Amino acid sequence: MIPLAWYLIFAAAVFSIGLYGVLARKNIVAILMSIELMLTAININLIAFWRYSLDQGLAGQVFTIIVFAVSASEVAVGLALVISIYRRFKEISAEDINLLKW
Amino acid sequence: MNFSILIFLFVAVLTTFAALVVVTNKNLVSAAMWLIVALFGAALTFVLLEATYIAVVQVVVYIGAIAVLIVFTIMLTRRSAEKEPSGATKQWPIAAVLSLALFSGLTYFYLTVPGTDRLAPVLDKELNMVSALGQLLVSPSGYVLPFELASVLLLAALIGSIVVAWRK
Amino acid sequence: MQAYWVYIGIFLIVALGFPTIAVTLPALISPRKPNRRKQEVYECGIETKGNVRVQFKTQYYIYALLFLVFDIETIFLFPWAVSLGKLPLFAVIEGVIFIVILLAGLVYALREGALAWS
Amino acid sequence: MADLINVIENWLNKLLLGWGASPGLTQFILQALGSVLVVLICFMIVIALIWVERKLAGRIQDRFGPNRAGPFGIFQSFADIIKIFTKEYITPQGADKVTFNIAPVLAIASVLAIWAVFPFASNVIGADVNVGVLYIVAIGSFGILAILMAGWSSNNRYALLGASRSVAMLISYEIPMVVSLLIPVLLAHSMKLSAIIDTQRPWWFILVVPTAALIFLISSMAEIGKAPFDLLEAESELVAGYHTEYSGMKFGMFYVAEFLHQFTVGALITIFFLGGWTGPMAAHWPILGVIYFFGKAFLVYLVISWIRLSLPRIRIDEMLNLNWKFLIPVSFINLIGVAVADRILLDLEPPRWLYVAVMFVLNMLILLVALYLSGKSQPALEVEEFPHRPVAVSPRTEKSSS
């Protein structure tokens, strides 16, 4: 059978890739997609800990469902902002939108 | 059982590869397609972990709804997405180093901390997981507050998104 | 339980494999004489002008958004529906409140006219 | 004899074990055989259905339908298959080749995969997983994805517009569909398809929750994407929808997927509302159960065909209004009503017939009130009155009258 560490390392890999995407991508939609990757990695971690924990509670699964709701809200509002920004600037590159820098 | 290890390795490699393509592909729609592959890989992982309800929910929510929302948004903001000369910002090497450091740090931690080499306990065969989940979600001693808050959160997200994106 | 999922896995592979064979077989026996005219994008006999990947309305986003929100709602409601027989009445009412809160969102979207096809 | 399929399965099992195969391998081979069998049956059904559908459409529209190849044209489908097999594949310029080729395969696989969980008889069940209903919903979302992929990769603006229109419609109608699926789950207290069928003995859910059945029927008809909901291929507006650029067998896959989807919807309605394999003697003779299952599914298929062949195509704004202003609110209110009533009735423990009667009355009440309210909120159509004028008047009479 598979030891717990394998799942955790797998989730860590997906999380790090997502982090790279968030830091390095220009396009806002691409950044949002990377955030989805990170949240998925979190879910894998939660479910792995639930499966390998010795008490038979379902807290891990409940947390995962809540994460689904949160990530759906996040992506909905994020993409709404993308559409709004695009309408205003005709541009959705995170580098060029810097009105709030000062 | 060797079989499950093989499946796990296949799923892990596929998902990681897909995730890499997502963050490096310049074509946004292709990136979204690969995101779907990665998310499906996560669903397969949940099946391997015997959290079958979460697995199907992952497919329903991410592939059924979030992926469609993302693709629609890409098509709505088409002109900008096409114009983009390169996918990455100038500081991408720093980002790569940072995430590699995070990954290696986490891996080192997981391999050295005690208890992570344990195997999965046998699940209670009698347990009807979905039913138990439902009872837990609405019982006052369980998670009724997050349950109701989730609906308020979704309502807020819905109204907020319409306010931001919709213009008559 | 696991045996069922193995069956589903095999079934998925078969369900993907059969159409793949059905699509690749004709590729071996059918003629292949491509030319420029034939491979042009179909547009009532007129040549395509401008960028093909046109932009479209915000409405599509709004539909996908509502679908997403109600999808999340159903994933909360399925466990609730399954365990309904073991719940006290007030727990059922909690589920009802959950539904009503989200229906308010639908009412809001309808009031805003965001769902009308313009 | 009573239990043909399980007898064969046991025989094969013994045979393979006798040849020295390990139990794991034996199970694997049996499962693979089972899934190949189901997929083959699906394709056979589609070949038959295409002929039935064309014949029926011909008769309803006062034509003959196919009548050349073989008696009553029954070999027409085979002739079509041979033709489509030898057609050239054309890939348009600028198409995204990989996505373009995956889309048709995914479209039909997303329908086929639903059959993995169907219970065909009391003991001929595919995968009786405890999330069966949600599995069906999950697989359905791949169909949406296939349409999006086909439209985007074709590099054709009509295909893209058609695809996004159909996806917008599909996801809109998926909400009432899923909500009306919640109601059988709620009544059976389980997402297992076998448990849902067991609860329907002897009262089918169509008698208990007719409103949910109706909403499910309407929204799944929209999901099939045929008339009257076939705006995505409104030829005069959008060429042929998302599969404009497809040719040969790739187009054939979309075509087959459409027919198979319609039959699958028939099977789903059978399982959720018409009692699945149940029927006289079906519990003792599982083979009868299989016949009942396919018979009922075919009957629902014919009903759907009948509806779609008799109704004209509806406009897109009407279609969206039907969904957002009628189906979704009604399905949610129905869900609330059924949930509360079911909980209260469980405590009172009435006889089963009384339970069914109360549920039936409640459902009909919700449906009638909703119909009344929606009729009231619609402004009545103003019909302009024109003076009566004969269509053709002979010049002589016209002259004499003036």
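Labels A, B, C and D are assigned to the chains in the order they are written; within every chain, residues are numbered from 1.
Following the convention adopted for this analysis, a residue touches a chain if its C-beta (ideal position, glycine included) is under 8 Å from a C-beta of that chain, and two chains touch if they have at least 3 such contacts.
Keep in mind that what you see is a predicted model, and the values were worked out from it rather than measured.
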Neighbouring chains common to subunit A and subunit B, by label: C
Most centrally placed chain - per-chain CA mean versus overall CA mean: C
Chain pair with the higher count of C-beta pairs in contact (B-D, A-C): B-D
Inter-chain centre distance, subunit A versus subunit C - centres from mean C-alpha coordinates, in Å: 21
Approximate Å spacing (C-alpha centroids) for the pair subunit A, subunit D: 35
Whole-Å gap between the CA centroids of subunit B and subunit D: 30
Centre-of-Cα separation between subunit D and subunit C, whole angstrom: 15
Of all residues in subunit A, the ones touching two or more other chains: 65, 68-69, 72, 75-76, 79-80, 83
Contacts with two or more other chains, residues of subunit D listed in rising order: 129-130, 134-135, 152, 160, 164, 167, 171, 174, 189-191
Sites on subunit B at which at least two other chains make contact: 50, 52-53, 57, 60-61, 64-66, 68-69, 72-73, 75-76, 79, 128-133, 137, 150, 154, 157-158, 161-162, 165, 167
Chain-chain contacts as defined at top: A-B, A-C, B-C, B-D, C-D
Touching residues (chain side subunit A, partner subunit B) in the complex: 1-10, 12-21, 23-27, 29-30, 32-34, 36-37, 40, 43-44, 47-48, 50-52, 54, 56, 58, 60-62, 64-66, 68-77, 79-84, 86-87, 90-95
Residue ranges of subunit A touching subunit C (in the complex, touch as defined): 65, 68-69, 72, 75-76, 79-80, 83
Subunit D residues touching subunit B - in the complex, by the definition given at the top: 96, 99, 129-131, 134-135, 137-142, 144-145, 148-149, 152, 160, 164, 167, 171, 174, 189-191
Touching residues on subunit B, where the partner in the complex is subunit C: 47, 50, 52-53, 57, 60-61, 64-66, 68-69, 72-73, 75-76, 78-79, 82, 125, 128, 130-135, 137-139, 144, 147-148, 150-152, 154-155, 157-159, 161-162, 165-168
Of subunit D, residues touching subunit C in the complex: 27-28, 31-32, 34-36, 38-39, 43, 84-94, 101, 104-106, 108-109, 112-113, 115-117, 126-130, 133-135, 152, 154-158, 160-161, 164, 167-168, 171-172, 174-175, 178-179, 182, 185-186, 189-191, 239, 244-245, 248-250, 252-253, 316-317, 320-321, 324-325, 328-329, 332, 335-336, 339-340, 342-344, 346-347
